[in-house]
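In structure tokens below, several structures.
One chain, chain A, links the two complexes that follow: it is found with chain B in the first and with chain C in the second.
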Partner chain A sequence: MEKILNKIQLSDWIAALDGWESFAPILQDGIWSYQPIKRGVNSVQLEYPNTTQPPKNFTFPQREVFFTFEQIKGEAPRLTQILPTDKPRVIFGVRPCDGQALPRMDRLFNEQFADIYYQKRRENLAYVGLACNTPPSRNCFCKAVGGSPFATNGLDILMTDLGDRYLVTAVTAIGDRLIDHGVQLFSEPTGRDRAEAGQLRIAALKQPQRAIQESATVPKRLKEQFASPLWEELARPCIGCGICTYLCPTCHCFDINDEVATPAPLRGSRIRTWDTCQFPDFTMHSSGHNPRTEVGARLRQRINHKLQYFYENFGMFQCTGCGRCISGCPVGIDIIAVVNQVTATPEN
Partner chain B sequence: MDANIYLPNLARVIFVKEEVPGERAIKTFHVEFIDSAGFAHECGQCAMLSVFGRGESMISIASSPLVDGYKQFSIMRAGRVTSAFHDLEVGDVIGIRGPYGNSFPIDAWRGKNLVFIGGGCGLAPIWPVIQTAVKKRDEFKQITVFYGGRSSRDIMYRTELDKLRETAEVHLSVDKQEEGWQEFCGFVPANLMNKEPSPENAIAITCGPPVMIKFVIQNLRSLGFQDNQIYTTLENKMKCALGKCGRCNVGKDYVCTKGPVYSWADLKELPPEY
Partner chain C sequence: MIKLQDIKNRARELLANGEVRAVIGYRNGSRGMAAEPAVIADPNDAANIVWNPSCVHNLALYLVDDRKRLTRKQETPTKPIAIMAKGCDARAIVVLLQENYFKREDVYILGVSCETTGMLDEHKLEQLKIRPDQFTAVEFDGDDFVLIKDAETQQRFPAREIMADRCLECRNPFPKLNNAVFGEEKARNLAAPFSALMQFEQNATQNTRWDFWQHQFERCIRCSACRSVCPMCYCEECIVDSITYSVMPDTTAEEKANRIRWIERSATRANNIGYHLTRALHLAGRCIDCGECERVCPVRIPLRLLNTKLERDARERFGYEPGASVEVASFVSSFRDNDPGNFIR
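And then the complex of A and B:
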């Protein structure tokens, strides 16, 4: 299904989405983030660069409770699993790179041992994407990692900004249903609308972006350069803050811990929180042995996981080229520059 | 919808034994499931054990799959969770989920000589293989066990090892000279070179501190063991044991699902980050 929506009617469409909780990027304190849209309160505009954080929280929240426990010593505990009970959620303005993250996270969380917490959130989630007529960040590099400014992977709808209106293209059956909710607000696209969108797409594909050189051979070249001394050299400024992984739409490492509310009788919860391979104790055994003690090894782990290991397992990069790890790094470590330097062939 | 993979079963501690006292204390626990029939496991698989309120740890299952009724775990007091285990008493109830990972391919080892090389609490992960081989003694040829601790006090399964001498060759060692110690003094890899087990029709299985494993593999290779005759198990840090949390990641493998058991032929293909 493909329709035209006047921009001024975007809020009306959101208001018409009965049974859905809607989110869109809102600028607050200088930060663009996905916020719930309250009907008739905020007027939604999607003229934004890209959100500081990806929409990862909607499927994989920074902190979540698996179950609660109550136990008297020597007795069996009472465990109560806490499953997500969110209403169906629709997220407006998702950039194609962030859409691309979903099929990657699906591979990890849904396959082999299916994660019920991820699953329940995921099946209740719809993404209304916004094509990037111009790169929303100077660090965008989606084209180097198999993406595109108009990619629809992971999205239910792709909207193309045509100035005063959007071309709204449903990608999935859920996308069709979302349009149906406000069908009276839409009109049929004309040939001119479609031609205009087509031209924007061609122009966007031609827009220069930063690039990983010869990215098709990057997995192989990273493997060859595992022992490169450049890893340690390029990682030297790293302060181990982990922001590169927390801002990443596909980083999924986590920790599991028990939080105690009262010690006797014991009451508490088992929780999952985001974790990061950039922390030195991430891999440390309780014996003190640590497979990755050096900062260079941790930078290599982050980059190799995305551009070599995940590729070897699933045939696609685990990086979607959003550029957040570059923009957010306080010391200027740049995944593109690192990969290009480490994998540069000697004659370059 | 699938089951909740993070929700543990419940098991009661029915037996606690202090194996090793002191700073590097090791205790052995037997636990039996109380909320279900529990799970069957294979040699080399591990489980996530939890003391509620303290957290979860990955512990390899030390009992043979041929043992009915309980699972055995031998745990060194090291971190927050393992310390909580050392405070447990018979009757306490823990969380247990599993079994996780692959296993030692012992069915493929019928008719072979088995050489086990363990160090410290690294005897526990290979103990189910030893126990299974002993229970099916006529399926295997010679069974040799090398095992060492820092001192004689650090030798775990002392009684069981003495009993093992009835059916297997057992070579114990302590790192440093010690009064009254009758057997080898020196590191485990050195004891291996001292006895020079033959690689002929043999499989070597090793587990221990990472540095010990490294030298054991070097020495096995110099004795003529081929890469596919050497097996070890990577007991990496894990949080989920389900191939998701990322802690145990080595190269393209999540050790919890692709391992923990590796032949040296497979392991040497991975980056040396274990």
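And then the complex of A and C:
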């Protein structure tokens, strides 16, 4: 279904969502981030660029407890699985590039090898998306990787900003349910509303974005350039932090460690945390050998994973073009500039 | 005023006549007006060198990176590497020399004075609705102004409105340790040293300070950018990564299994407190306040407040100035007879 919601009633709609925990972008401590909205306390507005961190944490938290273990004298160790027990959550203001991350993560965590922790969080999560009338960042490039500022993949609702009101378009059955919860706040869209939204969409698609040259052939050209010396040269300033991967909507590499609470009697938890292929020790083997000691190899790995390997495996780019890695890199390493340079044919 | 061409000429000369094997400097980035670090080996590429208020990076980090590369490749270069160094960067080089990370003759310092105008703070620009990625160039404009340009327009700002706090507080924007220096030594008196720290202390009591820090440490995502960008965080095995670098082919399985993990990878408040406070303590007397840790933090944790607190302690209680002189021993590896001892019981 499709409805109209006046902007001043956005907070009322959120307040009507009984049984859901609502989150929206709030400017706090100097950055935009998704914060829980206390019904009736916070008033929500969605005039914002994009959050510093993607909503990845909702399905794939930085710290996930798998199970606890306990040594009982005279018995086998007791393992207790800890499954997520979140209330259903709805996230407002999700940009289409961040919505696109869910289909990517689903391929890895929800299909052939279903991860119950991801599944439990995923089935309790809804996204109310916000279309991008203008690119939130100069480093946006969703179009270059098969996305669009009005894409609905991964979203349950897409809202279009029509100035003083939103056109609220349900994408999934959950989206319909969310609208039903506040049905008295919505009105029917007029022909004019729909026309306006259509025009905004056409204008949005024409907005300049950064471009990957000939993106359709990028997977093949990246494969051809595996041995290029440019990787090392372009990666030279890389400091080996985790910003690009941690701010990425689709990066999902992880580490698993046992955190011991008490050594005797032995008690602790098995914990999954984020890891990053950009840390120098990411590929350190227990033998001491490290196949990726040089920054060029690590940058190449990240870019190939996003734009070649994932494409070859699943038929879509893993990168959704949000631009956070470009804006966030402390030393200006720019995935678009790197891909364009490494894959440049002599004629380009 | 500094003539950029002088720096370019010297860099080109050093490379062309084989005096240095590379020049670590700044060039234009690809995402707007911000400069980016560059390692230049070809004399012709010296033409790409830039010098403007976005040259914020502490390039001493790349001296550490260079040393680690040489070790991995088991190379012993016969020529030094050159580096553009601001006042703060040169002090970082002093600390690395005090700690014998490399020898003085391994590095050729192209000192560049910030004179009266320091580096800009992108967050202060954002407060003025200037997004650095929307503009194409930024320049020094005389002693006190900065020009920010895009394809059609330019805007002029009083430098002190958009300068980084650490530049406002800087006592010495001049690279004393150098092989060549561009620009003059000029005093800068824009903010008292430790102003940001004092303001923080004035606005908070002891209890609210701890609440503040607990809140900040909960926000940390452990990207480690603060550590990765710091030239002085050069340990191959950091306290938070205690399962990694020291694994050698002859490390036994028992040693690996029993390796102590002091601080876990998970970003809980307790682990993050451990990481940040340990890092700050490990930098006491070594941090020269380049401010990079605070600049790079993606969630805007005000890390300078931690490091300058310890720097102030080093200065006021031990009379020690980090990075002042290569002849002086490093802070934690030396003592004086009149060092305060009232905490030793």
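Following the convention adopted for this analysis, the second predicted complex is superposed on the first by the 344 of 348 C-alpha atoms of A that agree within 3 Å, B and C clash if a C-alpha of one lies under 4 Å from a C-alpha of the other, contacts with A are read in each partner's own complex, and residues count from 1 in each chain.
By our rule, contacts are C-beta pairs under 8 Å (C-beta built on N, C-alpha and C of every residue); 3 or more make two chains touch, one makes a residue touch a chain.
Since we're looking at a predicted model, the values are computed, not measured.
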item: First, second, both or neither for A:Asp255, with chain B first and chain C second; value: both
item: Chain B versus chain C as contact partner of A:Gly242, first or second or both or neither; value: second
item: Chain B versus chain C as contact partner of A:Ala114, first or second or both or neither; value: first
item: Touched partner set for A:Met284, first chain B, second chain C, both or neither; value: both
item: Which superposed partner A:Ile31 touches (first chain B, second chain C, both, neither); value: second
item: Touched partner set for A:Pro84, first chain B, second chain C, both or neither; value: neither
item: Where chain A meets both chain C and chain B, residue numbers; value: 255, 257, 275, 284, 286-287
item: Contact set on chain A toward chain C in their complex; value: 29-31, 33, 52-53, 62-63, 137-139, 236-237, 239-243, 246-247, 255, 257, 259, 271, 273-276, 279, 281, 284, 286-288, 293-294, 326-328, 330-332, 334, 336-337
item: Residues of chain B that touch chain A when the two form their complex; value: 1-8, 10, 12, 34-35, 50, 52-57, 76, 78-79, 82, 89, 91-93, 95, 209-210, 235-237, 239-240, 242-247, 249-252, 257, 271, 273-274
item: Residue numbers on chain C that touch chain A, as the complex places them; value: 29-32, 34-39, 57, 61-62, 65, 69, 72, 123, 131, 133-134, 216, 219, 221-225, 227-229, 241, 244-245, 247-249, 251, 256, 261, 264-268, 292, 295-296, 298-300
item: Residue ranges of chain A in contact with chain B within the complex; value: 66-67, 69, 71, 73-77, 79, 81, 83, 108-109, 112-117, 119-120, 226, 252-258, 260, 263, 266, 268, 270, 272, 275, 277, 282-287, 289, 291-292, 297, 301, 304-305, 308-310, 312-313
